[in-house]
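Same chain, two partners: chain A is paired with chain B first, then with chain C.
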Partner chain A sequence: MTNAEKYDTLFMTNFKLTKDQLPGLKYRAIPLWDSMGHMTLMEEVEDTFDISIDTPDVLSFSSYEKGMEILRKYGVSI
Partner chain B sequence: MCPFSYTPACLTDPLTQSNCYIIAHDKQALLIDPNNAPLIRSYLEAQHLLLEYVLLTHEHCDHMAGLNELRQAYKVQVIASKACSDGIQSTTLNMSRIMESYLYFKSKGSLRVSYPKFTCLAADITFDNSYLFTWYGHLFRCLPAAGHTPGSTCIIMDSALLFSGDYFIPGEEVITRLPGGSDELYEQVGKKALRALPAPIRTYPGHGESFLLTQEVKQTYGLY
Partner chain C sequence: MYFFDKNSAFDRNPLFTDSHHTVLYHDWYCHADALHSLLRPRSLAAVICHNTMGSALSYLACLQNRIVPLLIDSKMDAKLMERLLGIYEPEYIFKPASAVHPLYTMEDYGVYRHSRQKHELYPELALLLTTSGSTGSPKLVRQSYANIQSNAAAIASYLSLTSQQRPVSSLPMHYTFGLSVINSHIFCGAAEYLTEDTVFDEAFWKFCRQYRITSLAGVPFTYECLKRIGFTGMDLPDLTLLLQAGGKLSKRLQQEYGTFAAAAGKKFIIMYGQTEATARMSYLPADACLKKIGSIGIAIPGGTFHIMENEHTEITAPDTIGELCYDGTNVTLGYASGPSDLRLGDMRHGRLWTGDMAYQDADGFYYITGRKKRFVKITGSRVNLDEIEQLFKNAFAGSDFACAGEDDDIWLFTTMPAAAGPELEDFFFKKTKLHPSCLTLRAVAAIPKNSSGKTQYKKLQNFIQQGGSA
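Take a look at the complex of A and B:
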């Protein structure tokens, strides 16, 4: 599985979405991506990519696309 | 036995608003949820109390952030469900790993603090099913109620006081979406345990003020 596929799977599993619903998805745009959903997503992103995301980046992880940008900052090819 | 009017001391952590309850007998003390060690130590010292036992309602860090320091300062025995004991040893399950961000979101962006992640050693006494414990004539019944977390436990003292942890927090629904939480466990285990609690009973929640838990209040939580 590629990093992009792993990343998509995290969103699809956590937020019960299909792949075509991911582009453009923003924090709080759906009920499951609220503050608690965000916490779970962040932990799973860290575990999946074996990184530790700094708090400012947790807070600015505001969309599906922004998340990929942040992961690249941590050396994840996506 | 403790009279129904007995009121435990309540210490509220200013950061997380979690409650620690202290019960004294002469110069000995037992506490439930060691939320903030400096706060607790100040109280114990002012009251000339020696801490003997710590009981945990669940494994989240806001309810046991003071445990490590208290264990260093006092020769205490820690009592918790096995799942809670496992949870306090994990930065994920004890939530300290995400607490900094959690506090930020919960405060709607007004609270930005450093909250280093941490773990604790296992509890000294653990249980899988209900656990009975006496302390200077007081009877404590620890009743596992998984759902909010795997290790969530309700503690009843002298059949008169209920320490409910993060269940029955005034004005809040039961949360099962934080680390370790499970809707399925809450439906299958937690609700069953909460339904069986005696009512009315004076209740001391993990956050907020004490109140009288009645059957009517239980019903507002879907516990029929």
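Take a look at the complex of A and C:
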């Protein structure tokens, strides 16, 4: 699986979405991406890409696209 | 005089501030006057709650007019909410104003007529809160005017609140802990700062810095989230009061936040309560936080705890477990399971059997060790395991279910095949609005029962405590 595929899979499984629903998705726009969903997502993103996300990035991880930007910052090619 | 009555001394004080503007106590009093001439006195009204001005003003305007509000979580499943409203048939509903012309408008909220049902209400009945927002159970807690007054006064006293406090609405207002923050601050003439953002929103922290927020209230999960975002390293010099209730905080986090607060000159206060006691029953004074790890502290001013061996016998020896019993004027009237119960008077007479097992140490501090009743707390809110189990039994007839669990972790045992997992998760989320990550599914050949056909929850509970590997 490519990094992009891994990233999409995390969103699709956690938030029960299909691939076409991911672009433009924002934190709290759907009930499943609430605080609890965010905690789980952060944990799984860290595990999947073997990175540790800093505080400001946990807060700015506010959308599907923003998350990819953050991953790139941590050297994940996506 | 009650804190929710007009107080000319507070007239010009700010009452609520959101990211757009501020309303004064005077504005609340004017709204209440306007509603007084529009709504039938001593009627029942539902408030569909958000953390917005309209929602908070609706609640306060009802109290001032002695109209009884039933506070409902706006996130409740639409069908469950409809069912709850169908059972109680409130005369009015306060909710976000829609295109339909309301009877009256307060900020973002409108008042709508809902039914012509005239309820017989006990004269002292002030407020109705749900026992479980997630399952839509019609079981409500009946709180009196004296209850909310006495609890607000006690909280204001042990937290030494003044009109200068600036708390942020970090908890929903239909939730007794969130509501107690509003009540105890209005008791002092302080303002609350309203936001619907969460601690994971940058906007939340911008709001806190902009208004120099002084206090934050959270359930154990909130403190897990705060840890994740490195809260203790954030620059928030005005934020000096951290409150925790709504379930047992891990000892590790108590140690961490207690140490942080002591070093940073802040107060971290752990508290314990139940909706049945209006909100608050005990608090652990900030200076005892690190000395009494795991403790719920001491009873609030005006209240007393007793550890009971049985209905008549009190345990006075320290370190001996019994059921925790609380006496105080904040002990609520009792429950309602339907509209005819709203006429009932005080069934508890100031004594609450908490259903929690506890002991007292030699210094007089209390510790909870477990629960007698079948419920867990999910992000601070009570979830009845029997009700969850019933939801599944009703929806998936032909299969058997049993529900057990711990705080923030519900286990559902089912005779349905493991492949049904996603369907069960979807149903769980759709019905309860609880996050599926707090649900653990376990497919079993049969639910363990005893000879009389009763589910052996103890067996299931042991299985869970062994990490599900037994």
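Keep this in mind: the second predicted complex is superposed on the first by the 78 of 78 C-alpha atoms of A that agree within 3 Å, B and C clash if a C-alpha of one lies under 4 Å from a C-alpha of the other, contacts with A are read in each partner's own complex, and residues count from 1 in each chain.
One rule holds for everything that comes next: contacts are C-beta pairs under 8 Å (C-beta built on N, C-alpha and C of every residue); 3 or more make two chains touch, one makes a residue touch a chain.
Computed from a predicted model, the values in this text were never measured in an experiment.
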Report task. Mind working out whether A:70 is in touch with chain B, chain C, both or neither, as first, second, both or neither? Result -> neither
Report summary line: Of the two partners chain B and chain C, more of chain A gets touched by chain C
Report task. Have a look at where A:16 lands relative to chain B and chain C in the superposition and call it first, second, both or neither. Result -> second
Query raised in the report: Touching A:28 in the superposition: chain B (first), chain C (second), both, neither?
Result: second
Query raised in the report: Which partner does A:45 reach: the first (chain B), the second (chain C), both, or neither?
Result: neither
Report task. Have a look at where A:58 lands relative to chain B and chain C in the superposition and call it first, second, both or neither. Result -> both
**Report entry** Doubly contacted residues of chain A, that is, touched by chain B and again by chain C
**Finding:** 35-40, 42, 55, 58-59
Query raised in the report: Can you list the chain B residues touching chain A in their complex?
Result: 92, 97-98, 100-102, 104-106, 175, 177-179
Query raised in the report: Which of the residues in chain C end up touching chain A in this complex?
Result: 75, 198-202, 205, 221, 224-225, 228-230, 233-234, 379, 422, 425-426, 429, 433, 435-438
Requested in this report: Spell out the residues on chain A that touch chain B in their complex, using ranges where they run on.
Outcome: 35-40, 42-43, 55, 58-59
Query raised in the report: Quick one: in the complex, what on chain A touches chain C?
Result: 14, 16, 27-28, 31-32, 34-40, 42, 54-55, 58-60, 62
